[in-house]
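Heads up, there are several structures right after this.
Shared between the two complexes below is chain A, which pairs with chain B and chain C, respectively.
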Partner chain A sequence: MKTKKILSIALAAAMTLSLGVVSSTVFADEIVINYPTFQVGSNSAAPVVAELVDEFNEIYAGQYKIVVEDVPGDQNYADKIKVQITSGQLPPVCYGAGYKLLDMALGADLVVDITDAVNADPDWAAMFDENWEAVDCRDGKIYAASSESEKIGYFYNKELYEQAGIEPATTWDEFFANCEALKEAGITPIAMDTADGAWCTQLLLGAMIATSGDEGLEFMKSMYPTDYSIQPVVDAITRIQEFYTNYTTMDANGGAYENAANNFFSGNVAMICNGPWMIGDFSDTSKAPEGFADKVGVAIFPGGFVYDSPIEGMFVTKQDDPALEEAAIAMVKFFTSADAQQKALEMQGMVPAAKTVEITDAAKESFPLLADFIDQAAGASVSTATFTGGMVPGLEDLWSTELPNLASGAYTPEELCQILTDFATENAVTE
Partner chain B sequence: MRKKERKWIVLFLLPVCLLFVVFFAVPLGMVFVQSLFDYRLLPNKFEFIGFGNYAKLFLRDPKFLPVLKNTLLWILIHCIGHVALGSALAFVLYKKPRGWKFVRVVYMIPNIISQSAIAMIFVNMYNPQFGAVNQFLKAIGLEKLMHNWLFDMSTAFPAITMTWFLFAGYTTTLVLAQCLSTDETVIEAARVDGASGFQIDRLVMFPLVKEMIGTTVIMAATYMLQMFSMIYITTGGGPGSATTNLPLYLYSNMKSNNYGYASTIGVVIIIVGFLTMRIIQRIFGMNKEEVA
Partner chain C sequence: MKKHTSAGRRTAWFFAYLFMALCVAVAVFPIIWVILSSFKSNQEILSNGLSWPTQWSFDGYRQALEMAPIFQYFLNSLIVTVLSTALNVLALSMAGYVFAKKQFRGKNLLFSILSLSMVIPTTALLSPIYVTITKLGLYDTKAALVLVYAALSMPISLMILRSTFAGVPKELEEAAYIDGAGFLRTFFSVMMPCARGGIASASVLAFLEGWNEFTFALLLTSSGNVRTLPLSLSYFTSQFSFNYTAMFAAITIAVIPSIIVFTVFSEQVNASIVAGSVKG
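Then we have the complex of A and B:
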């Protein structure tokens, strides 16, 4: 009995001691950055993020450590961060993505101003051009840093184009003529959608608005516009209605991006508007037929237009511990550095946010379609962010639920524009 | 002795009451309080506006009345049509015709499949391009009737309704169980008195299972009041607000960061739910002992 007691006391002491030793070796002085992210699992950026996390943890071993928290699904991530904004407790580093999270966090006074940190590093500061500033800066202060750019044109099926005897259009009249030629050849011209923000459709719409003239361009460049009843928008939506009626598939009304993409992959349609992140899918035989990648061409929109805007980047949030904020700034700097952007380009074909990042031959070889697109995009004369990207919160959902009525003819373009205007006015975001 | 008993009763009820207060009553109160504020994240606002949200909802929101109408109509359709369908089948099955057990099991299957899976099945069935419904119409030469079922204003509501209307397995199971537990001598006595099969169902069996049918009606009403995923996955509430119900409208306002307004809709859902329950209880004469 006595021996047992002694043994148990000795064991307990040994365990306590080992716990102390372990915690001192693992945690002493090392600052842990908990990083919830949706860029995990099947997300196309997951391999890049995983590698960057490993590299960061290696470089800063003993000083900082990133612990990734998987939040599959970007919408789930945005919802999680929104809830955390209301509670005033954000993780040290957040990724704005396309959800206007930066403005929400700024509204709750939870974001760290990183202007001084950026200016202290000339290489980092050099990345902040006019486009980047519009996305990541407010009132002359830098609050976020981007790593990826939203550079978007459209893809076309070269085989179907050849059958219809057409070439990529340089003007909208030519574009319509191409659609008519494809239709006459028995080919459905373009993939469209209405669900989930109508991603492909809104790209086509935004391009038409931006190239319609100064008023349209100004509209597309403005954040949170409230008047959707201006002539360029009404005219473009009228054309979108024509597309729904004459130039797209039957399942476009009610369909999501996935339906549109499937129609393109299966050769049901000749064109789809989307970004370079789709390029990998063309050679993925679980999504597209063998050899499909060779049939795909890429073009910028008529009127020399291309969507070109950095995706709202990573931002550092206010923490009780200033050392944790420092660690978070180091992480943002590392993740948005030229090296990190180069890696993302070469690994996954992600377009760098910074114009200072060189498109290497290795990247061009791995992603020739991307290289072709980047070359064409360099010659674009007009560029803006996307149509839905500038909408006030909630309007994208309304747009998506009301669009089927435009597609079916239940609404006139003017009626749809009025509905958008009413909602945007009611929920206006004033800076 | 009674005092001692009371102590134990209080002791056993305490944990449940505490859980109810912490996890239900307090959040419910918070929802009501929040509904009195203009509470948004972008622009960041938390302003007391009294019953401003309620005034906007009932007087100035053009979407609210159609959404409320959809919700009430679905409750009505579900409580009447769906329960009638399930009960009618139970009334057939309790007579134990050949294969009744097989039918009972098979009819229950759709109710044990996840709503998301059912929704995806219907999304594909209704697909205007490749869906089974349009292909069938085409095959029998009725191309004129082909529609974009889920996204045409005239067909969206009935198309969504059909995704859950026919699957009354729970109602059938509960009513059938009640029918089967009825004393057979009562039925036998009615038969000896010369009652026909229909008369036995109407005058003997129905009054005996009326309360259970009332319970299934309450279940049907709450099911409809909570309905979300099926609509969200199929139409997202569109086209326009043709298939939006109150929970979906609450969610879309929450997504717009309009938390105060979303809470107001939450309060309305609670009130609609409470009133619906009271009406059903009254119609089916439930909780009579409590009233007495």
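Then we have the complex of A and C:
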């Protein structure tokens, strides 16, 4: 009987203790902003975010404090935020990134309209050009603010280009001729993939669609298109199938970004489509051979095309406490300010989202390849967001799942396009 | 004739040992591959996964420990998994005993409902569990993970333990009652020891479920004081960056202690699994 009593008391004490473990770090007047982020660990933006958090906490000491929640892995972050959206309990600040989280949160009526806050600050308001509006605004209202731009072309191995006697192409005919020349020289032309959204492959595909004419450009500029069976898309996917068959590595079918990247770092292929965030890896000797960075050149796509679109930015979510919403707005403003974008550029070579942010000499010196690319991109005549970036939610997964069938020849381009059309139509998003 | 038998026996031994060697190779190869990869560069891992490291560098281990709080997460995993396993086995052995030995109205219906939870996909559980845990004020606590993990293993533990208790002779229970033991005494002192085999099996499955679980650990926690080991491995790969060397080093750090513990206690684990299996 005595033993039972002791056991009961011990169990009750253990449960009470465990229930009381809920963390509470709120000081008297300081408002704590819990900020979950995937920009930790091996993410290239991790040092920038850490620095900005420290700076914010110093500037707003005693008033606001950001407490970072590590959510390592981009997809893990998106998955967690999606569950929180369906539960109606979002953290004060979310980063839309490439996961269309803003629209999902707006659909659940969880996003704060920051139009007044933005318009109250002329410097902040000046950043909202038409590119920002397409990504961060809905129905004339500002709901998010971007800090980084997705400016993408392709990288090439100068040494391999020299061996094949070619120069970066300005037209698609030249591009295909280059691929043929590389192949004849015994060099695999381009790195491709199918897994994880087939990032490198979809960049090549989107560039071909956007430069195919008005219909293709309109398709690439539209958000959530439903008809993938239009001629420019079918033609480009036909070309992609040819690339899988003739101009890429064996591991492209089934491979992910890291396989494609490794093929480029190892000199197995002459080209890879990707953004400037890859530049740091060229001099990382655990990934690429010593001196590899000197061999890399950068170019915009044939037809004067470049991907150029701000990445969906940070947004403030509705909270019970209006003071917390104010704190969250202050954080978003700080993280998307010109100073913050400049810092990200100089520290990690992240391309600023705002055209008003100057590309400083320090940045050009640290990232000469980036400076070269930004110069070339300034002369681009056509630009859009990425192919998968405009897809309805869920279609990117289907695209990645079905692409191996195109690569292996199990599907014709028309069949794949029809599958994409069917899904996009059934899951159409009405803006 | 004797010579013939001896040759046949030798051939049988040869194939028996060959089969065992293959089994050992299949079990040990992934562990050796991970350990070797932890010394290779990212390029070596991706270019030729089966090659020997060109140099034995401990950079991966340094990076792994710098990037992710592996030891803290390991300790958290241990606490959460041990507690959830204990809670699961204690609660479900009681339930299993009642379902196996007692008669009451709606018994089969209740058992079917509890078993049905096995076929509910995890995705369907995410939102309700998240809301429940946050409303209870248990978000970012080990208690939340303990409760959820104990519940996740409920159907399988219930099935194992019900069938185990069903196999224990009723006479043992009756003898205990005749000797003056009450319900609890009969359960803890007579029935539980007879069900050690089933309890060990249920414990192992519940432990593995908790030890490897990722989704709820990600969803229900936010601080390093609570997060568990599977989350630490996500620090090393993101959409456009990867550090496989550090990831394999982290896996090695995480796995080696478990292997050592299992090796040291393997006799006891095996004994507990077979104990009671011949009773009744």
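We adopt the following convention: the second predicted complex is superposed on the first by the 405 of 431 C-alpha atoms of A that agree within 3 Å, B and C clash if a C-alpha of one lies under 4 Å from a C-alpha of the other, contacts with A are read in each partner's own complex, and residues count from 1 in each chain.
To be clear about the criterion, a contact is a pair of C-beta atoms (placed from the backbone, for glycine too) under 8 Å apart; a residue touches a chain by one contact, two chains touch by 3 or more.
This structure is a prediction, so every number in the text was calculated from the model and none was measured.
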item	value
First (chain B), second (chain C), both or neither touched by A:103	first
Touching partner for A:402 - first (chain B), second (chain C), both, neither	first
First (chain B), second (chain C), both or neither touched by A:317	neither
Which superposed partner A:194 touches (first chain B, second chain C, both, neither)	first
Contacts of A:86 with chain B and chain C, given as first, second, both or neither	both
Touching partner for A:281 - first (chain B), second (chain C), both, neither	second
Contacts of A:393 with chain B and chain C, given as first, second, both or neither	first
Partner chain in contact with A:336 - chain B first, chain C second, else both or neither	neither
Which of chain B and chain C A:43 touches, first, second, both or neither	second
Residues of chain A touched, compared between chain B and chain C (which is higher)	C
Intersection of chain A interface sets (partners chain B, chain C)	86
Footprint of chain B on chain A - complex, ascending	82, 85-86, 100, 103-104, 107-108, 194-195, 249-251, 253-254, 392-395, 397-398, 400-405, 407-408, 410-411, 427, 429-430
Residue ranges of chain B touching chain A (in the complex, touch as defined)	41-44, 127-130, 148, 150-153, 235-241, 244, 252-253, 255-259
Chain A partner contacts - residues on chain C that touch it in the complex	41-43, 46-47, 59, 67-68, 126-127, 130-131, 134, 137-143, 146, 215, 218-219, 222-225, 231-232, 234-246
Residue ranges of chain A touching chain C (in the complex, touch as defined)	15, 18-19, 21-23, 34, 36, 38, 40-44, 69-76, 79-80, 83-84, 86-87, 89, 196, 199, 257-259, 262, 265-266, 274-275, 277-278, 281, 285-289
